[in-house]
Amino acid sequence: MTLYLVKRLAVLLASTAVAAVVVFAFMALLPGDPAEIALGVNATPEAVAELRRQFGTDRAPVAQFLDWAGGLLQGDFGTSYVTSAPIGPQIGDRLGVTAVLVLGGMILAVVIAVPLGTFAAVHHRNALGAVISAASQLGIAIPAFLAGILLVFVFAVQAQALPSGGYVPISENPAEWLRSLLLPWLSLGLVQGAVLTRYVRSAVLDVMREDYLRTARAKGRGSTGALWRHGLRNASIPVVTVLGLQLATLLIGAVVVERVFVVPGLGDLLLNGVAQRDLLLVQGVVMVLVAAVLLINFVVDVAYHLLDPRLR
Amino acid sequence: MRGRMNAGLLVGGVLVGIVVLAALVSFFWTPHDPTLVDAARKLREPGGGYLLGADKFGRDTFSQLMVGARTTLYVGIVAVGIAAVIGTPLGMAAGMTPRGWLSELIMRVNDLVFAFPALLLAVMLGAVYGAGTLTAMIAIGVATVPAFARVARAATLQVMVTDYVLAARAAGRRRPAIAFRHVLPNIGSVLIVQASVSFAIAILAEAALSFLGFGTRPPTPSWGRMLQESQELLFSTPRLALWPGLAIALAVLGFNLLGDGLRDFLDPKLRRIRAEG
Amino acid sequence: MLKVDGLTVRADSVELVHDVSFAIGPGERVGLIGESGSGKSLTALSLMGLLPEGVAASGMARLGDRDLVGVPESRIKELRGRKMSMVFQEPMTALNPLMRVGAQVAEVMTLHGKPRHEARARAVELLERVRLPEPAQIARAYPHQLSGGQRQRVMLAIALANEPGLLICDEPTTALDVTVQKQMLELIAEVAPALLFITHDLAVVASVCERVLVMYGGRVVESGPIREVFTRPRHRYTEGLLAASKLTPRGTRLPAISGSVPPAGRFPGGCVFRNRCPQATPACETAPELTGDAHAFACWHPAD
Amino acid sequence: MRRIGIWMAVGGLLLSTAACGGGTAGTAGGGAPAAQTLSVGFVAEPANLDFTSTEGVAIPQALLVNVYEGLVKLDQNGQIVPLLAEKWDVSDDRTSYTFTLRKNVTFSSGAPFTADDVVFSLDRVKTDWKLKIKSQLDVIDTVEKKDDSTVVVTLKRPSNGFLYSMATRLGAMFSRTGVSDLANKPIGTGPYVLGSWRRGDSIQLQPNPAYWGTKPSLSSVTLKYFKDATAMNNALLTGGIDAISSVQAPESLQQFADPNRFQTVEGTTNGEVVLSMNNGRPPFDDKKVRQAVRHAIDHKALLDTAWAGRGQLIGSMVPPTDPWYEDRTGDYPYDPAKAKELLGGKTYDVKMRIPNLPYAVNSAQVVKSQLAQVGINAEIEPLEFPARWLDVVFTQGDYDMSIINHVEPRDMGIFADKSYYFRYDNPEFGELLAAADEGTEQEQTESLKQAAKLLSDDAAADFLFLFPNLVVAKKGVTGLPKNAIAEQFDFTALAKQ
């Protein structure tokens, strides 16, 4: 296990390094010279050249990459060409918001999906199970942003119960913070919960057919007891994999939901950066997102190994 | 007859069939030109040759839905096609050489690609090559490759330890032969389920990208863009959002049901259990 | 001790086991033989209350004074693993892959009231009793670290843990190597209390059991002491089975039974064997009764 | 002659950036305790607060007149009125402007505002500003301090554009001791000072306690940024904000129809939504093709469908608020038959590269549909705005058609620059503009009328409509600017009842 952990950690670091190269290379493909963009269409050539020197974009790409990557290691994402503000703190702030958004949505999804999916599997032959299955199918079929718009319509515009959007830092007002996040969480959590319900149901159905569950019953457990004691941990293995896959999906969902609910998260920062051609910022955000997914992957793999002795 | 027809398969098949039919018919005929702007028909109520009314540009909603079905299928087919064609062989290769360097390499690259979600790719590709249906499809497709590769690998690992594969290997059959004769047919049902889920996800991703303005270009009708365009009229003319929303939901539902139904229909494991029960 | 009367098992409208009756006395070892699809496993599972979903049993089955059929699971589950136990055919999948072997053995004891630490200690003893080497080490292992034979021994240890009155073994050796098979059978024969042993292998039955029930098409077609049934089969199906088996000396083997077992629900009316029976006549369109005391059979044209 | 053209062009783009571009998150609540706070929704958030080195109208929109003041300002009717200058005198040859400064004005840093600051600020445009629009003030020959409250600006030649420029950000007055961190710490003489800035969300302005004029009645003003029009609408509907500075989804105005809750102010802007055609390459180097386009478009139908009928039809690059406006909407009546005739039966495939902004995307779909009727197949390609559109269309000129809102006042001059992305090249037009800038008021009006007619006759572009100023606010909010004809969003008169 320790060996595996060390190996897996090495892979994580290596992939992150490769990802950094890929991200940097991809950004180099983007049309537009940062200095020209920063100065606008009417800048003088001398000013552009001067700014290029200032930015360091007149140097060889390799030197620029090493400089950037070296900064990353120290948590320094550079200074934006467009806003002349340091990028690191911005990403830090936004990452916090997005993390809260995504994790909250995920937790909600799990809270919805595990009991519902298990219930639907156990009762897969009767009407209630079918109703849950059908409801989860419908939930999957609704785009997250549509769910968000509908939630705003119902809870904010009609009921005037919750804010239609915006974000209040928890340090400013914890109650408002919670209120401002409820609808975004719901729209992420309901849709992802529906997807997850399907996977939980099928995972539980699979273990329900396993011989060891019959063995457990032969020992004297009831079918529910057998499922609890022997089924759920086994079912959690495929579900954990799906959870990892879903976190990436949630990052997508978060960008859209951030737009609908006007939440200043990473996705919002990314879209802004792209629109303003704030290359260094985009580079930083993409890097953070990619590193986050790689890290999630790592955690899922390790969890997988902890859960399943066959892999140890 | 390998299995039994089930309700999900039937409903899913019908829903997908309607989408396919609408798309096919739209090549030859739509009630009206779906992109023809006509101020006189602005926000026309349903009726009189305009089954579902017209949008703020006076374009016939029904015709737009029909052509939108085409866009939906394009996106789904190309995206899932890319993912399946690239992901399946990679996953199988990784699964058939579980301890080899090849497997390790494939899965590591896979993890790396996985770290670039569809939206990120679409935004990046859109920034370089311009946003549009094609970049959206490619982005969604590439982002879906890891899912296919993982599923294919996992299923292949299971198949590789079965008696018939062990027997085939013992008999000295070459790897490609084993892959085609034994592995592919046996992981097929898993891939079909994955394809259905991915197809549905692709439809939703296209809608999300259209919402953000990185999807299908106007005026080509797309359900996602129809939804996005109808937003400002959500309160006064909700039907404009209702129809494309319903179309997306039913198409996604259809593909999901179809996938589930096919799994039940094809999966030998389930068949055995049903025979026992 | 175990008494079964008119046991019938159905899935929806299809009858899978029809009107099966037999009894097993304390310490008695009874074999249940037949080709796959004959309903023998379902018979055993219905006694344990472990029928798959959508399959239901009716009729009467009683262990001591406790009803086994038609009672809610809450009533029957306290008997399982305590008064009667079962060992399944497939040792590779019968154990929970995520749980240590010792814990899985101990579980059956803690479930029926033994304190945890006692159960742990006893689990190691049981592993030793089923002749597993290094039982303490095995107890700490996960199932995937054991061979098939070892896992089946673990299953046997689980089955014997609470000293049940009845052990049901469903093809316990089919999935094992021949050498391991033999050891396993010896072990079962040695440790089993009353035994219901299900197999399609006549030689195995002959080595373990005293009495045998022959099933075909969901019915008991012949029953009696091993020696008698095997040396003088009366039902044509039993005759065919024996003819095809290793028990008959080489050279005198008859051709095996023609055709194959039809799928559930496709058996003919009347005598279920008549579409494969060389002796079948129009009389066989009426179902024969199982008649006889010690050695009973259900056939219009018995062999002699 | 080129001078005016360039600066107005850029200004136009910038304003359109602001009017339709990005913006980010807003919050509910905001946090200011007192009752008299007000928050207004905007679309484009500033990247930083330094409008001397960063393009885009987002910064002057928030800061000009509110935080920074110039000697003069442009009022609601497009008139130049005194601000930090009490009055000004123009010499007879119109090359010398004597500004008399208001006394007892201080910067928010406490430093007094004097003639030295005027000289400093105007010199600084030449030396430190990084924007190309600074060339608009190249006409200045010298800036001299006569005494502490009198400044004389001498021009190289008469210019009608000079005073206009002084009303824009170029005329903003900076403190000699207050320019060290313009990107983050603006120091001006205006009624507001920067309170806080939550990046990606909002900017809060607070009253300047030392303001020389009428102090704001509000305890704070918050500018909240929304990228999504619907999100902004919802924020107003649910009380998250008090007003929308510029409605980006005119069809949604119905939601705010209840007069007991909301008020809608519809005014005008200087924004000509232009269907630009690349005069420099086929097929639009052919005047007949361009004319065909103008005939092929039903402008009334376009305005009705693309922008809910809000706005005005115009026939050239002049809004009705300019003195030299003439109704040119009849120059090219909707006449598809005539258009086909002009095309001579030929069909064309063209690329319509538009910014991904609501008005452009909407208009493009109508234009495409109407052009298709006469045989021009326009492929719509939305480009991200601002960066990609500016790069591809504006800078490289790689396009056949585009649609963009040119918002800057009196920006007809952009057509005089043949390197401008229209690639319109008619020396006669340039001469008319030069004459207008140097001539008397009558001569200016006459020349510009002719110039507008020439532009229309040449079909240098098609002019789709004049962008409306649509402000929606809660009932009880007063002092909302009716027209948006300057760079700033003027908060000075804003109040809440």
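When the chains are written out, they are named A, B, C and D in that same order, and each has its own residue count from 1.
FYI, contacts are C-beta pairs under 8 Å (C-beta built on N, C-alpha and C of every residue); 3 or more make two chains touch, one makes a residue touch a chain.
These figures come from a predicted structure and were not determined experimentally.
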- [ ] Count how many hops through touching chains it takes, at the least, to reach chain D starting from chain C.
- [x] 2
Task: Most centrally placed chain - per-chain CA mean versus overall CA mean - done: A
Open item on the list: Of the chain pairs A-C and A-D, which one is connected by the greater count of C-beta contacts?
Closed with: A-D
TODO: Go ahead and note the Å separation of the Cα centroids belonging to chain B and chain C.
DONE: 48
TODO: State, to the nearest whole Å, the distance from the C-alpha centre of chain A to the C-alpha centre of chain C.
DONE: 52
TODO: Take the average of all CA coordinates in chain A, do the same for chain D, and state the distance between these two points in whole angstrom.
DONE: 39
Open item on the list: Based only on mean CA positions, could you tell me how far chain A sits from chain B in angstrom?
Closed with: 21
Task: Multi-partner residues of chain D (at least 2 other chains) - done: 230, 384, 388
Task: Overlap residues in chain A, where contacts from two or more other chains coincide - done: 31, 149, 157, 259, 271, 274
Task: Where chain C touches two or more other chains, by residue - done: 53-54
Task: In the complex, chain B residues that touch chain D - done: 35-40, 42, 56-58, 126-127, 130-132, 213, 217-219, 231-236
- [ ] Going by the contact rule at the top, pick out the chain A residues touching chain C in the complex.
- [x] 125, 210-212, 214-223, 229-230, 233-234, 307-310
Task: chain A contact footprint on chain B (complex, rising order) - done: 108, 111-112, 114-120, 123-124, 127-128, 147, 150, 200-201, 204-205, 207-208, 211-212, 224, 227, 231, 234-235, 241, 245, 248-253, 256-257, 273
Task: chain C residues within the chain A interface of the complex - done: 48-50, 53-54, 73-74, 77-82, 85-86, 88, 90, 93-99, 107-108, 111-112, 142, 144, 155, 158-159
Open item on the list: Give the list of chain A residues in touch with chain B in this complex.
Closed with: 11, 14-15, 18-19, 22, 26, 29-31, 137-138, 140-146, 149, 153, 157, 198, 209, 241, 245, 248-249, 251-253, 255-256, 259, 267, 270-271, 274, 286, 289-291, 293-294, 297
